[in-house]
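In the two assemblies presented below, chain A is common to both, partnered first by chain B and then by chain C.
For the complex of A and B:
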């Protein structure tokens, strides 16, 4: 069949990249014990930052660095709220989603007036970012399971008290990996902008949440999460081609329906870190 | 013996409302196994947690290898060569033995964890101490005994010279205990110092060189294990002085059986049989005491009677009615009320107000509620007010959260609530735990009043004085069975102590 061409598989890889980056980031923070549902907002902030910086400076590289920085900043914000101030992780993450969306609405109107989308700005080749993503995922697979730091990360999310007695600073570890999660979301946002060449408010379109789903399906491991992300990317690419045959309203639903089905099957089986979402309080006295 | 490894002087540790350590002196030599003996709550674990840096003492000095030292955290303690194996293991079940041992002190090749070097070191330790374990097994696949071995190996890998074992035999089966003892002996031969926390006398005598007995946060004696007898240790552990007494007047029972338990068995939380075929009867105008060292199945027995734990076998009858495995609320309507051991967990809802707590379990009675939808606020308030006055509970106000009440007043409120239901049977576990003398006396008086009114009371107490003073009969529980039932006046304290600790009354 014509639909299943090589192009489809290549397009799927592109569409999978932001999902895979978010899944990687979330893998890090949840392994450390921090739930971050703010990934959607962090990716949106990354995309917006890329657009704004590229528009004003004309430098896609500078825009990329800025996007990662903004993502990391939002990650730090989430860590301060949830780790140090012991706020509920989901509430803090939702707040970041609202914050990012509000900021996006505000900035696009201030800078460009309302046109539904930003004017186009200089981009870099999105394939570079695909390559960066694949490299980071491969490295992370080794980092988490083969290095001493990865071991410490896993212990912090499973048994923070044991980590503490082993001299590991639980709070600082959680902060670091939540910042890393934010940075990777910023990178995902930068990819989305460079892929499209302009910014729209709906451009993340649930890919952050789908990234979390991919992490669950991948059972908190970077490479399997990449495969899951590729599956989502593939269905996304497929639905674009199916629009020639069935109404787009239906084909657009496909990735989301797949998410629901896959999550229903995998959620119960995933090995969720034991201390996920629980604040660590040192022994009193 | 040889030189001193650890010396602790005048250690004081207070927690809100309790003094856990009231000026304890303790010393430990190299090449010695030193037993820390005492009842639960005597302060053994707290003292060792201070040595391990988990708690900071309020007063006192710690000398390690003769140097005065402040142990600010477990990490510091480990650096000083102190290791501790807790009752709840500090292991990550999903990780392998190797990973659990390595974390924090990982050997590296380049940026990677050097698993080969780690395996080599584990093998060396295994050979030195005879602690067989597979480094690549996941901890969750191991038995409890094997997990404990991993904990000991972990401490040794981290360079422990002083090893604290907190009730290590509590979780083990018989054969594993033997293996643990040979490990402890191997450690001793290597010149290490071991602290062995326990409340089992025969274990302490078997494995230890010296034994320190703690009671109520004080060191009541350190003696050589050689030459010490169980009787001697039991007397030290349980103590002799009685703080305060009430005298129950002699009452004639009418011979009605109010609570009857037949051949009841139950498992503990780990699924191990904890109650083995217990039968007992509580009559009218009677207090039946259950004595025993903690952990001999009393808790599980009471929970099985009160509908909080499903019995695996046997029957529970209240009056004429069989109520085995019924819910606590149904039991309460049939005349059996429960004064729980943990008043915060099962007795009260701390964030709820005094009046709400006063009607817990009765909230749907027509006198307090209109159907399931509405509360009769005024009736509840009037009732709570009456309880508070009748039982002289001192409260800031009826709407204050129960959290703001002192422990004694919380217990008074529970007694007020439960005893006002005019129960036939009262099941009480450690009802005076943590209370001051006045609070204790109040609780005792209430029980005697209920007895006067014809109720039957089943009283579990770890305090032998209390059990002996109040009970018309005392049943002794040992390893899940009732080994003896003695009438008032038949039992001497010494005899009861031996029954509790060894299951037989013969002096040995």
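For the complex of A and C:
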């Protein structure tokens, strides 16, 4: 068939990259015990930051660094709320999503006079970021399962009391990996911006949430999560091409139907970190 | 004490009297939101122009005249419509986009003294002015340009959603391309839908898919989503795009090198006219249609080439050179539509 071309697989990789980056970030933070549903907002903030910095400095590299920094900052914010102040993780994450969106609408209006969009700004080749993403995912698979640091990370999410007894600072570990999650979301946002060359408020468009789904399907492991992300990207790329043969209403449903089916199949089997979403309170005395 | 009370009373009454004088406009945008450099922005410009004139006239700030909201989903339309209507302070409430009509048809009768306008669809209520455009005319003219300019003999349309409004764009465009270029058949016009008005990333992927399938010109009718078409066209010197509603080579100057033309739909003019009529007291409810062959002569057309030709062809900011024969074909199409020798078939 004509639609099964090389371009299809390339398009799928482009569509999968932001999903995979978010999935990787979420893998880290949930392995440490922090649920972060603020990924959507963190990626949006990353994309916006890239646009603003690239627009004013003309340097896509600087913009990339700034996006990762802003993502990390939002990650830290989430960690302070959820880890140190013991706020509900989901509420804190949802607040970040709203904050990022509101801020994006406000900032685009103030800077460019257009609410919700930026003009074009200098970009780097988005494929570089695809490469960076794939590299990070490969490294992470080794880091989490084959290094002592990875073991500490997993213990913090599974049994924080044991980790504490062993001398691991639970709160600081959770903070660090939530910051890393934010940074990876910022990177995902930077990819989205560089792919399009402008910022629009709808550009993340649920890819953050699908990233969380990919992480669940990948069972909290970076490489399987990448495969899941690629599957989502592939179905999205495929549905576009299928529109020539079947009505678009059906074709557009495919990615969502797939998400539901796959999640229903995997959710029960996923090995959720035991201390996920639970605040750790150090025993006194 | 008495003095203070009197002063306070004067202040209050003064404010009330003042408040009644200033006309106020409410604008409820479509879900695509501002920043699409097309449909929504243009609606806003129309309202803004009216608000600026009124603000100058009454000596107040533009913000005192114009209030606007950007609903994020269709579910929010009703709340905003009711919220504005309930205050009774707004001279007119302008609702942008076809998907506001069904809910407006239910909301409007609850506020019989409130004037409403809805763009792109009919809301059947005695206090609503429904504005329609002959979208297929502007789409036909865009199709003529695409049919003449294509080198691969294949063109594409990126639609926001597969709905009657956008299908009329597709039908007009397809017939225009076939009329201008007899070698083009219906199968040479690729049609794909984003399923959203604010997802340019998906829009870009869809456009790349069509370009890679052989189309060299893609017509965007997807709001903010078709900003992705322009980004995709930048990736290959043989790929071109056609914009919608406003001259997008002007509203997106960074893409003036790939946007060869833009179908025009003067939503701004309709919004402005409705507001001014409401303020002046000449407003009437009912269905109004803008277009080349309709009761209100202007409203649709095309931005292409370097100069205005008649009422329906405007100069574009596009950097792409349009050959004279293409312009001539567009002129012929305009005359054909006006004199009825070209009949565009729509469902």
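Just so we're on the same page, the second predicted complex is superposed on the first by the 271 of 285 C-alpha atoms of A that agree within 3 Å, B and C clash if a C-alpha of one lies under 4 Å from a C-alpha of the other, contacts with A are read in each partner's own complex, and residues count from 1 in each chain.
Convention: a residue touches a chain if its C-beta (ideal position, glycine included) is under 8 Å from a C-beta of that chain, and two chains touch if they have at least 3 such contacts.
Values in this document were obtained by computation on a predicted structure and should not be read as measured data.
Chemist: Should A:147 be classified as contacting the first partner (chain B), the second (chain C), both, or neither?
Modeler: first
Chemist: Under the stated touch criterion, which partner chain does A:271 make contact with: chain B (first), chain C (second), both, or neither?
Modeler: After superposition on chain A, A:271 lies in contact with chain B alone.
Chemist: What is the contact status of A:197 with respect to chain B (first) and chain C (second): first, second, both, or neither?
Modeler: A:197 contacts chain C only, not chain B.
Chemist: Which partner chains sit in contact with A:119 here, chain B, chain C, both or neither? Use first/second/both/neither.
Modeler: In the superposition, A:119 touches chain C alone.
Chemist: Just chain B (first), just chain C (second), both, or neither: which does A:249 touch?
Modeler: Once the two structures are laid over each other on A, A:249 reaches chain C alone.
Chemist: In the overlay, answer first, second, both or neither for which of chain B and chain C A:92 touches.
Modeler: neither
Chemist: On the superposed three-chain arrangement, identify whether chain B or chain C touches more chain A residues.
Modeler: Of chain B and chain C, more residues of chain A lie in contact with C.
Chemist: Check the residue A:27 against both partner chains and state whether it touches chain B (first), chain C (second), both, or neither.
Modeler: Once the two structures are laid over each other on A, A:27 reaches no partner at all.
Chemist: With both complexes superposed on chain A, which partner does A:14 reach: first (chain B), second (chain C), both or neither?
Modeler: second
Chemist: According to the stated criteria, A:167 is in contact with first (chain B), second (chain C), both, or neither; which is it?
Modeler: A:167: touches chain B, not chain C.
Chemist: Output the chain A positions appearing in both contact lists, the one against chain B and the one against chain C.
Modeler: none
Chemist: Going by the contact rule set out above, which residues of chain A touch chain B in the complex?
Modeler: 142, 146-148, 151-152, 154-155, 158-159, 161-168, 271, 274, 283, 285
Chemist: Mind listing the chain A positions that touch chain C in their complex?
Modeler: Touch residues, chain A against chain C: 2, 5, 7, 11, 14-15, 105, 108, 114-117, 119-120, 192, 195-198, 200-203, 205, 236-237, 240-241, 243-244, 247-249, 252.
Chemist: Name, in rising order, each residue of chain B that touches chain A in their complex.
Modeler: Residues 13, 15, 54-56, 73-75, 78, 90-95, 99-100, 102-106, 108, 111-113.
Chemist: Please name which positions on chain C make contact with chain A in the complex.
Modeler: The contact residues of chain C facing chain A are 33-37, 41, 70, 159, 162, 190-193, 195-196, 198-202, 204-206, 208-209, 212-213, 224, 227-228, 231, 234, 252, 254-255.
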